[in-house]
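What follows is chain A paired twice: with chain B in the first complex and chain C in the second.
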Partner chain A sequence: MPFREAMEAKYRDILAKYIEEQKESTLYLAQKFSRKSIENQVTPEEIISLHKMILQEMYPEMPTYVTHSFDLLLEIMLGYGFAYREHQSLRHQQKELRSEIEIAANVQHTLLDTEIPVVEGLDIGAISVPARLMNGDYYNFVQDENQCISIAIADVIGKGIPAALCMSMIKYAMDSLPEHRNEPSILLENLNHIVEQNVDPSMFVTMFHGIYNYEQHLFSYASAGHEPGFFYDGKKKEFTEITARGLMLGIDKKTKYTQYEKKIEPGDMIILLSDGVTECRTSEGFVEKDTLLTYIDKYLHLSAQEIVNRIYKDLEQIQNFQLRDDFTLIILKRSV
Partner chain B sequence: MNIKIDLFENDRVIEVFVHGEIDAYTAPELRDILFPLSKKDEVQMVVDLTNVNYMDSTGLGVFVGIFKNIRAQSGELRLMGLSDRLKRLFEITGLADIMDINSPIEGEVE
Partner chain C sequence: MDIQSCVNIQTEWDIVAARQLGRNVAKELGFGVVDQARITTAISELARNIFIYAHKGRVCIEKMNDKGHAGLRIIAIDSGPGINDIRLAMEDGYSTSGGLGAGLPGVKRLMDEFQIVSSPGKGTEITAIKWIR
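And then the complex of A and B:
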């Protein structure tokens, strides 16, 4: 039996039953009926029209004022019917958008994917988790034939889809500047031009770029307004903030960047992060720098990847598992 | 998560008092109010952030946008009353070097 006919018969049954005897169990049947009709996209005015028709069949003597009153009710419910159909169509569109964003997030993941280089004497760990579906943070490793590893960590100001799209552009811009890979300050200068010219004027990028020479264990770096990371001195067992001044990318075309160098000794560590790490908020306030360093200190004996994973888990937990911002943490550890 | 913005406009001088938090949720409101004003000729805008207890990078983006607009129209932007945490945000990003942040008011004794 087609659905509409079955529905009519069912409704006739329920209505007759209820008029005869006002039982709770019949009301329950009515509830079930309404769920089923919503599922099958039956509109409110269709139900009223059905109700009117069945009443007329059951009671041919029904007073005309009752029939008229149903006509009025029908008219009123038409508006509700429209609203309902609009709601249905929005829900449908929302589903479509969501699945498109999910696909975009996957594409982004593939585009921005980077492999952590494996080098003897150096232990590298990295984690990047978006607060929403798409990530506005980015990190990238490139190993070259000159015993150097290029490390970039960046954050687009802004969140969500626009930030993520912007990041994909930065990655391709970086890939197209291979000749400058060994000079972080020059790489930032070039990227600054690209961001300044091509990205929306209200969108800005912070980036830290470093080159680790694993033959000499020399780390050269420059920062474009990026959240400062830390050096860990394995001998003194001390953390110091990496101070590197420089303006964010995309603000001033003429910006120059200062390049710094640091010798990395056995047991030393380089910790790079995004502001999603330092801007962690709990009910008691911000996660202070010292708290973060105590966490790192606690896991020092583990591998770099283990350390970043554990810190993420800990900070996620104290924030009640709700990231406010994209979270990226990278650790490079020179083996003893 | 709320924001209150008080505005005092006197010809080209615009004083803005912000109360509350500036984050991804409230920044659009701040932007909608300040952007049109920042595009006027030679404005002298002072934004008082004494009562802002939190600002994230989205808020920073709004101020950079306003700063660029105002500079393009030969105006001036001054931010004042920033807490240490807010000041740090401007320092890290290098913005403190190009923007007027917490500078003492003329005639004020430091």
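And then the complex of A and C:
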């Protein structure tokens, strides 16, 4: 340890210099010394002991009360050294924990990964960004051989690791119910059973599920208490909220869900989102739905993926780059 | 030959006696001032644990010699409630000291070797060694 070996001589130099003349430049040297000694895990009590020893060397006639006072100081600083070492060890643990969560987030990413289907006449864009490392939002697309695309968007109330764990379960529950995929209301009913049985009662899941038939351009959907999205009418240039009633998943075993249908015309859009989008907060309060819709309006001429990306960037900026909740936005745009 | 001396821990004053014993032995063995203070703090923590949690026990100090290498061994024995989850007790931040770095992990860091044996309902035996550098 080169620093430790040189430490004594270095400290002697600085101390002698400072006793001779109390200059700021020497204090600056002392600051640099302390940074180096912290880097080299030198504890406070070692510094006190060093100080005492050097002082005794420099002034052999030093009064004994000064010597004794350093022994007391050393004992006191030992406690600080104690706390300091614990702090170091906790910091190390925190680093480890963080890298563990990062790995978990990667695993989750792979688990929940979904490909956006490419079909003629329909342009789809999707973005999902977690507030922390792990995502409690989830979206999923499945394209089947009957010219249908299944679209699911879900949000676990809460965020972070518990929400993410819960979401992984839901994804597997969904994968295991393929026969119900073209009936949104039945799919939600089945998922409701699974969530009710397997998820902690304090945890709730909202979900919107839709089937888009890209031959007939018919959209059937059902919602389990999920944040309402919007339809955009390309002819009237109007947004309307998607009204779909239904209880959140996991509350009541017997919940039934109503299925709705909507014809999608050329130039129309379906906008689905999680509450992380509508609950974006700025210093002036929540982002109003109207604000969100004006953003969408502004980017209407772009591709669906571009629109969601730009809206995310805009909302991220007005919130000073601090997401409060997981953010998921999906746009389906029927080409003109 | 190892020479062992012990202090029974029953009152808070006994903690001081244990500290004194440890410091004297550390000085005799030729430990530096910082290490003397570290050994004493470790003894103090262990004796305090006995006083607070087990109410009764003893702290023994032993001079060691391993092929000419001198060291000091602390043995803290009590017949208190024991520790249920040693792994947890050895975790930083768990100790009731309120995260001041004390507690068992603190003692372990102050010493070179550390060993703990505990069975719930029977008691705890902690051995810690510091070698002269």
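In the analysis below, the second predicted complex is superposed on the first by the 333 of 336 C-alpha atoms of A that agree within 3 Å, B and C clash if a C-alpha of one lies under 4 Å from a C-alpha of the other, contacts with A are read in each partner's own complex, and residues count from 1 in each chain.
What we mean here is this: contacts are C-beta pairs under 8 Å (C-beta built on N, C-alpha and C of every residue); 3 or more make two chains touch, one makes a residue touch a chain.
Since we're looking at a predicted model, the values are computed, not measured.
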Exercise. Does the chain A-based superposition show chain B and chain C clashing or fitting?
Worked result: fit
Exercise. Which of the two partners, first being chain B and second being chain C, lies in contact with A:49: first, second, both, or neither?
Worked result: second
For this session: Considering only the touch criterion stated at the top, classify A:275 as touching first (chain B), second (chain C), both, or neither.
Result: first
Exercise. Regarding the shared-chain residue A:206, is it in contact with chain B (first), chain C (second), both, or neither?
Worked result: first
Exercise. Which partner does A:326 contact after superposing on A: first (chain B), second (chain C), both, neither?
Worked result: neither
Exercise. Touch check for A:251: first (chain B), second (chain C), both, or neither?
Worked result: first
Exercise. For A:86, is the partner it touches chain B (first), chain C (second), both, or none of the two (neither)?
Worked result: second
For this session: Please indicate which partner A:137 is in contact with in the superposed arrangement: first for chain B, second for chain C, both, or neither.
Result: neither
Exercise. Using only C-alpha centres after the superposition, what angle do chain B and chain C make about chain A, to the nearest 10 degrees?
Worked result: 90
For this session: State whether chain B or chain C is in contact with more residues of chain A in the superposed arrangement.
Result: B
For this session: Would you give the minimum C-alpha distance from chain B to chain C, in Å, for the three-chain superposition?
Result: 22
Problem set entry | Residues of chain B touching chain A in the complex | 23-24, 31, 56-58, 60-62, 64-65, 68, 85, 92-95, 97-98
Exercise. Hey, which residues of chain A end up touching chain B in the complex?
Worked result: 155, 157-159, 201-204, 206, 224-228, 245-248, 251-252, 275, 279, 286, 324-325
Problem set entry | Residues on chain A engaged by chain C in the complex (per definition of touch) | 45-46, 49, 52, 71, 74-75, 78-79, 81-87, 89-90, 93
Exercise. Can you list the chain C residues touching chain A in their complex?
Worked result: 32-34, 37-38, 41, 92-93, 99-102, 105-106, 109-110
